Amino acid sequence: MKTLFERTQGLTDIPFHYCPGCTHGIIHRIIGEVLEELHLLENTVGVTGVGCAGFAEQYINVDFQGSAHGRAPAVATGIKRAHPELVVFTYQGDGDMVSIGLAEAVHAAARGEKITAFLVNNANYGMTGGQMAPTTLIGQKTATSPYGRQSEQSGFPLDLPVLISNLPGAAYVATVTVDTPQNVFKAKRAVRQAFKTQMDGLGFSLVQFLSTCPTNWGLTPVESIQWMQDNMFPVFRIGELKQPQ
Amino acid sequence: MKTLFERTQGLTDIPFHYCPGCTHGIIHRIIGEVLEELHLLENTVGVTGVGCAGFAEQYINVDFQGSAHGRAPAVATGIKRAHPELVVFTYQGDGDMVSIGLAEAVHAAARGEKITAFLVNNANYGMTGGQMAPTTLIGQKTATSPYGRQSEQSGFPLDLPVLISNLPGAAYVATVTVDTPQNVFKAKRAVRQAFKTQMDGLGFSLVQFLSTCPTNWGLTPVESIQWMQDNMFPVFRIGELKQPQ
Amino acid sequence: METMFMKGNEAVAEGALQAGCRLYFGYPITPSTEIIEYMAKHLPARGGTFVQSESEVAAIYMVFGAAGSGERVMTASSGLGISLMQEGLSYMAANELPAVLVNIMRTGPGLGGLGPMQGDYFQATKGGGHGDYSLLVLAPASVQEMADLTMTAFDLADEYRNPVLILADAALGQMMEPVTFGAREPKRYDKPWATTGAKGRKRNLVTSYNLQNEVGEQKSIYLEEKYRFIQERLQWAETYQTEDAEYVLVAYGTSARIAKGVVNALRENGVKAGLVRPITLWPFPSKVFTPLNERVKGYLVVEMSAGQMIEDVRLSTEGKVPVAFYRRQGGIVPQHDEILEEFAHAFSVGGILA
Amino acid sequence: METMFMKGNEAVAEGALQAGCRLYFGYPITPSTEIIEYMAKHLPARGGTFVQSESEVAAIYMVFGAAGSGERVMTASSGLGISLMQEGLSYMAANELPAVLVNIMRTGPGLGGLGPMQGDYFQATKGGGHGDYSLLVLAPASVQEMADLTMTAFDLADEYRNPVLILADAALGQMMEPVTFGAREPKRYDKPWATTGAKGRKRNLVTSYNLQNEVGEQKSIYLEEKYRFIQERLQWAETYQTEDAEYVLVAYGTSARIAKGVVNALRENGVKAGLVRPITLWPFPSKVFTPLNERVKGYLVVEMSAGQMIEDVRLSTEGKVPVAFYRRQGGIVPQHDEILEEFAHAFSVGGILA
Amino acid sequence: MSAMVEINADLCKGCGICVSVCPSRVLALGQVVNSQGYATAVPVLPMACTGCRYCAVMCPDVAIRVMLT
Amino acid sequence: MSAMVEINADLCKGCGICVSVCPSRVLALGQVVNSQGYATAVPVLPMACTGCRYCAVMCPDVAIRVMLT
Amino acid sequence: MEQRVIVAGFGGQGVLFVGQLLGYSAMVKGLNATWIPSYGPEMRGGTANCSVKLGDEEIVSPFITRTTHLFAFNEPSLLRFLPSVEPDGVVLVNGSLIGADSLKNVSSLAVVVPALEIAEQLGTRNSWNMVMLGVYLQTQTLLNRENLKQGMGKMVGQKHPERIESNLQAISAGMKWMSEQGGFIPNEIVAARH
Amino acid sequence: MEQRVIVAGFGGQGVLFVGQLLGYSAMVKGLNATWIPSYGPEMRGGTANCSVKLGDEEIVSPFITRTTHLFAFNEPSLLRFLPSVEPDGVVLVNGSLIGADSLKNVSSLAVVVPALEIAEQLGTRNSWNMVMLGVYLQTQTLLNRENLKQGMGKMVGQKHPERIESNLQAISAGMKWMSEQGGFIPNEIVAARH
């Protein structure tokens, strides 16, 4: 009997507490798998932001520090500068990284900090009950944009990878999706590339995942994937925006 | 007898306290002149950051609020949202706006906040005695980069206008210089354009000035202008990066 | 006059609207989120402006700007977010800017948990920011008071030109109770100092920088006197059965509600107990204690923290009366029976336990 | 052993280096700037890493990360910057992360001025962040102590797994004095909890989130007990001429230096005066007061603030002895003659004024 | 050799994503509710499984194992 | 008509920028020190002034007035 | 007299709604009432509960230590809150999700309601929680059907009159079912007791 | 014995350097010493000053209320600090920038030093502040030339021996000039007094 697919050592045994169908789980898994495949489980420190994503520390099977909301890139900087031999990554939501933590993220990129940042963009603040994020789409209704986000009041969705991809310190920048098995494989390749970029000492790496939040979108998990494809894909630039030369 | 040039009503009578030859003074003057020319002196609120620039409130002849270090765009947002009929601008140094205040600046741009931001980039923290700023050039010696800024440790100079110019909320973005009379005239046109952009309700406007800091550069005022031309001009993208369509 | 069944958080928001709050800037955080959501929904329709800021740091400076240009403005958060506002609050106090902020306290320190807690008392009352300044701090204990004290807060802010903080634990934010809104008209204050464009007047500066020490000292003394004046005038507390009390419980917010039940139970058992419930936490209502200190046999302070308000109680009792303490932490609310037990133990009063 | 003529700020930085500080993250601010500049210059050559952070918020979280992975690390700022760190400090205390921070106090509130002040005492000692926690707070009064207490701070931080704050006014940061560095070897502490990669051990988590209230309460009680343990053990103060003193001045930092001169002057005039100079501000050295309370006729607290430490002095004297107060603000240092005058006035002691 | 899919009913939250991505319609949401209250996915056409792993790759709760027997 | 440049010695800080930009070499830093301790700029060739205003436009302390008489 | 009601179950079962409705109904009747939910990310885990206090005296604490009425919509909730129920309290159990086994240790009055079945008969499967409310009405005297009707009106407004109507029908069905069990006799065993 | 010295002038006149040199010199002699500058953005305005205390006893405060020695390098500094000078204190004035007029109200000993001229004669125009230090040496007994020499060595290290040398020459010239004025007789008027 051969096993074609089983749970990676890169994840702990603790069941995810995420809502049914929340794609945070897929992203956790592929990060865990890549860490295992690159033999990094004993050599890595993860840093969580605050948000649903903040529980990653329970699930991904490496040393972890729980940062404050938005500050994971600074915490990761502290760890990496103290231990340049470690691989250090952050796992942050879009509210966490693009709203309150924007300065820390952009400055880490500008400094060319040799860390990897994973940004899970579900177009809202999941944890706190579905408020507007900087990534919320125009017209999207959330708990704090009850009439739909209006650019006149709240501006335009912010695509962080696009924003930072021209900074010389940013070595690898990609936006991936987890809507189909094929795209999950692509996403996993991006995760691997991001870690490799760090291991090669080339600078800052960022992978943005487009992800679902069925609970706060008020859709079923399967509908959510569809909604993401229909509404988020056109707004965020998908692909490898920057690769190390 | 005709007056070809005299002190604008847009400035108060208080003598500048800036160091001899510091080009903050030129920038103050052209802002004051444009405010006078556009009849905005009774209709404008300025917001200062903290830095040498923080004293602008003493000199530019309009209502002012003194913000905390880096937070002027947030303060300006508060004022503008309370009084959309006013013209609101910030006057900030490069440390103030590009380092500690990056998030507030980028988010104001992303929101398309109808304010005008003036960024005086002198490649260091003038007020506190010449420390490294995000705008400090590679190799430049400052009080906190005593061996010259090294990209390996401190990353690369950050050109804020370039960073934000693709954001849809940013309506007018320019970098100007005050090294020659001709360029001062150009700078003044950019100031006017920035205010007009705001008055037309088109979104966020940003003018970056390349400016000198003879005291902390350890050069005479005239040498400083030369140093700025030789060293800063190649690094920061000069010109109107974005104009309202 | 309408009575509604509302969450404390919603009552705060509705109270603000009825007090003429025109702008809200804030960032979501459990367990205060209903406030920002209520504002997002209702403020625009009622002629105001709602902006979700990118962070609490930005929120407090947006509040700064709006307050500085003379408008009624509010923000709300919970401990972590309030910590991020400390620089801004020091700035606002220094600039004498009126605004209302709300801390719906969850557990700390650090990320903590979401349960109700009273661990931000020191931060609120001693000044978590730098320098000598005070916020006015109001502590509601019911959903009705969440509404009423929010309205009052706007008036106090304008009256004294100072930020006012509503300090409530998460239980008060999350619970629903009937709440009645009267037809209270918001007071209007002239704000000649506000930056509204220097039309027909000298230009206004809202700044807190003092180049010269002498000027700085004058400013400090001015603020100190203002604060002393407020301390003289504004010491609010509810006293319950204290007229003849031999023992007095001291508590605020949700702790005070439970303590009131304990007082009732003690009275039923023949113990002359009473309750002091501070409503202003800054200024702390020390005056209320002065007459009590002369005849009370003991105070029992009940808090949802390791013991913070107890310092002010001790300062108010001047060592004249023993001060006992009961507390629960981590989001757990002190229980009626436990308080009774502690009371019995602290003051060796028997026969009161069921 | 070498004696140097150094600024207090430089002594702090050199002390940190000699204590084995391996990383410095910080943001410039007057009047602390010499610390960051010294570190930028000397840390790399001495095997460490210097990073200028984009802000004080980032600085404290970089410190958090480095401390969490087991290294000796420091940051320094002044009041405004420390205010921005309040969330981070609460997080660090909650996670029991050892690190040293330095507040070279300038005047506040708001932007304030650059002169020396002691207005951040409350922020430092009561916890300006959210939740129940304490920083250990050390108050040097000479350039020598700026160096020595910084070295001590690193040991205390590791010993008690808690951030330690050096609280000094700008005069101490800016003044030069001779300072001698001995051949003190930095102590080494095992940090099995640090996140250094889970090689050959279970993985380590540095987190402060409590999903369940019960767990949260356990954590709170654990922290409370740790703090009580520290309070028992760590109450440091210099006492000067207190053995037979009838009047005791209480002051720390620069105020204490001046107060010492006043004590000398009073003694010369036949008044039995003494000085208590708290060195640990948290824990406050209450025990030092216990014997004094029984025989002293009066305390005179001298501060460069509107009166903050005086609350702790009052709590320590339990109403037994009158407590008088003298202070200057806004960057102005209390003057010898003024203090004498206040002393004469407060305690009706004549014949001591020149 | 034939492929086999196994669903861990303790982990499954009945989100239905595996059902929607399985090219061979092997899976369906069942009627049985697990201890968390979720109606979990079950292989209703187990023999049709090709071992393509789509279901496992998309399962947010890593509740699926795929084997070759 | 001829142009005339006037330097406010109280405001001038002797930075020398006006001197460096004047195309007609009208200005020079003098020997006289003002109350702030600065050796201020003075028109040493006043008659050569063309009224081009370069000096005034570049003066950081707005110490210069240019007139046509 | 004070009622201390806990409503607990999975997210999506209308736990908070049922509790709030009790609060609204008490308020319109002029009683005091408090309602407080469990909140926060535990909800991600899929469970929810709220505490409601109703009565004619001042309600000091919104928290419940001794429960007079427990609505247990699923098994974990029953196990969690049962210890807090007073000896003469009432446990209202969703019989569609909770087996008889779980009730072995219940010493108070436990009413196992085939709520889903009753609701299905009405053709409104989702209104089973209203059926539970109907049963509850029969176990106490503070609130009656009219109070719930008015409370519902205040709560959801006049936007969905048809929903109010179908809810009231389900409440009636619950009341009817309970009275068929012999009605509620305090401190006695009713038919539904296990 | 305690000396309380204020050095004040324009930025760039070496105000802080002169003060620090006194501190270093006292330290190498085994005395106590404190030095504290005025700092911050006032410096942008172009003035600077520092306070130095030297003595064999513990120095309690680094701040000076009663000055024993004032180095006034420009007129505003003289006017600002003169009131603090003790009746038997010494005011050392940079004669090249401060006119006799300004000294009208000086009741202490004021020595007006033609420092620039003396330094120019040495060919080291910039060392005029060292000339002032030489004059100072003649007005007190705590420090001597050797102390300054050693202090300077400690302060600037061995990197610029030629600078130390030229500084010492200027100090000597100042000493010489002062002794030519009849030397320093405490509480008496010396030639240079206006």
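The first chain written gets the first letter, and so on, giving A, B, C, D, E, F, G and H; residue counts start at 1 in each chain.
One rule holds for everything that comes next: contacts are C-beta pairs under 8 Å (C-beta built on N, C-alpha and C of every residue); 3 or more make two chains touch, one makes a residue touch a chain.
Treat the numbers as computed from the prediction; the structure is a model and nothing was measured.
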item: Shortest chain-hopping distance from chain A out to chain B; value: 1
item: Where chain A and chain F overlap in contact partners, by chain label; value: B
item: Chain whose Cα centroid lies at the greatest distance from that of chain F; value: G
item: Chain centre separation (chain A, chain H; CA means) in Å; value: 64
item: Between chain E and chain D, distance of the C-alpha-averaged centres to the nearest whole Å; value: 60
item: Chain F and chain H, separation of their C-alpha mean positions in angstrom; value: 36
item: Distance between the centres, which are taken as Cα means, of chain F and chain B, whole angstrom; value: 26
item: Multi-partner residues of chain H (at least 2 other chains); value: 41
item: Per-residue overlap in chain B, given as positions that touch at least 2 other chains; value: 18-19, 54, 66, 68, 99-100, 102-103, 107, 111, 127, 134, 154
item: Junction residues of chain E - those touching two or more other chains; value: 38
item: In the complex, chain A residues that touch chain B; value: 99-100, 102-103, 106-107, 110-113, 134, 151-152, 154-156, 158, 162-163, 166-169
item: Sites on chain G touched by chain C in the complex; value: 20, 23-24, 27, 32-37, 39-41, 58-63, 65, 154-155
item: Sites on chain C touched by chain D in the complex; value: 57, 78-80, 82-84, 86-87, 90-91, 93-95, 105, 107-113, 115, 117, 119-120, 122-123, 126-133, 207-221, 223-224, 227, 305-306, 308, 311, 314-315, 318-320, 328-332
item: Touching residues on chain A, where the partner in the complex is chain C; value: 50, 54, 66, 68-70, 99-100, 102, 125, 127-129, 131-132, 134, 143-147, 153-154
item: Touching residues (chain side chain B, partner chain F) in the complex; value: 1-7, 11, 15-16, 18-26, 29, 178, 180-181, 184-185, 214, 220-222, 225
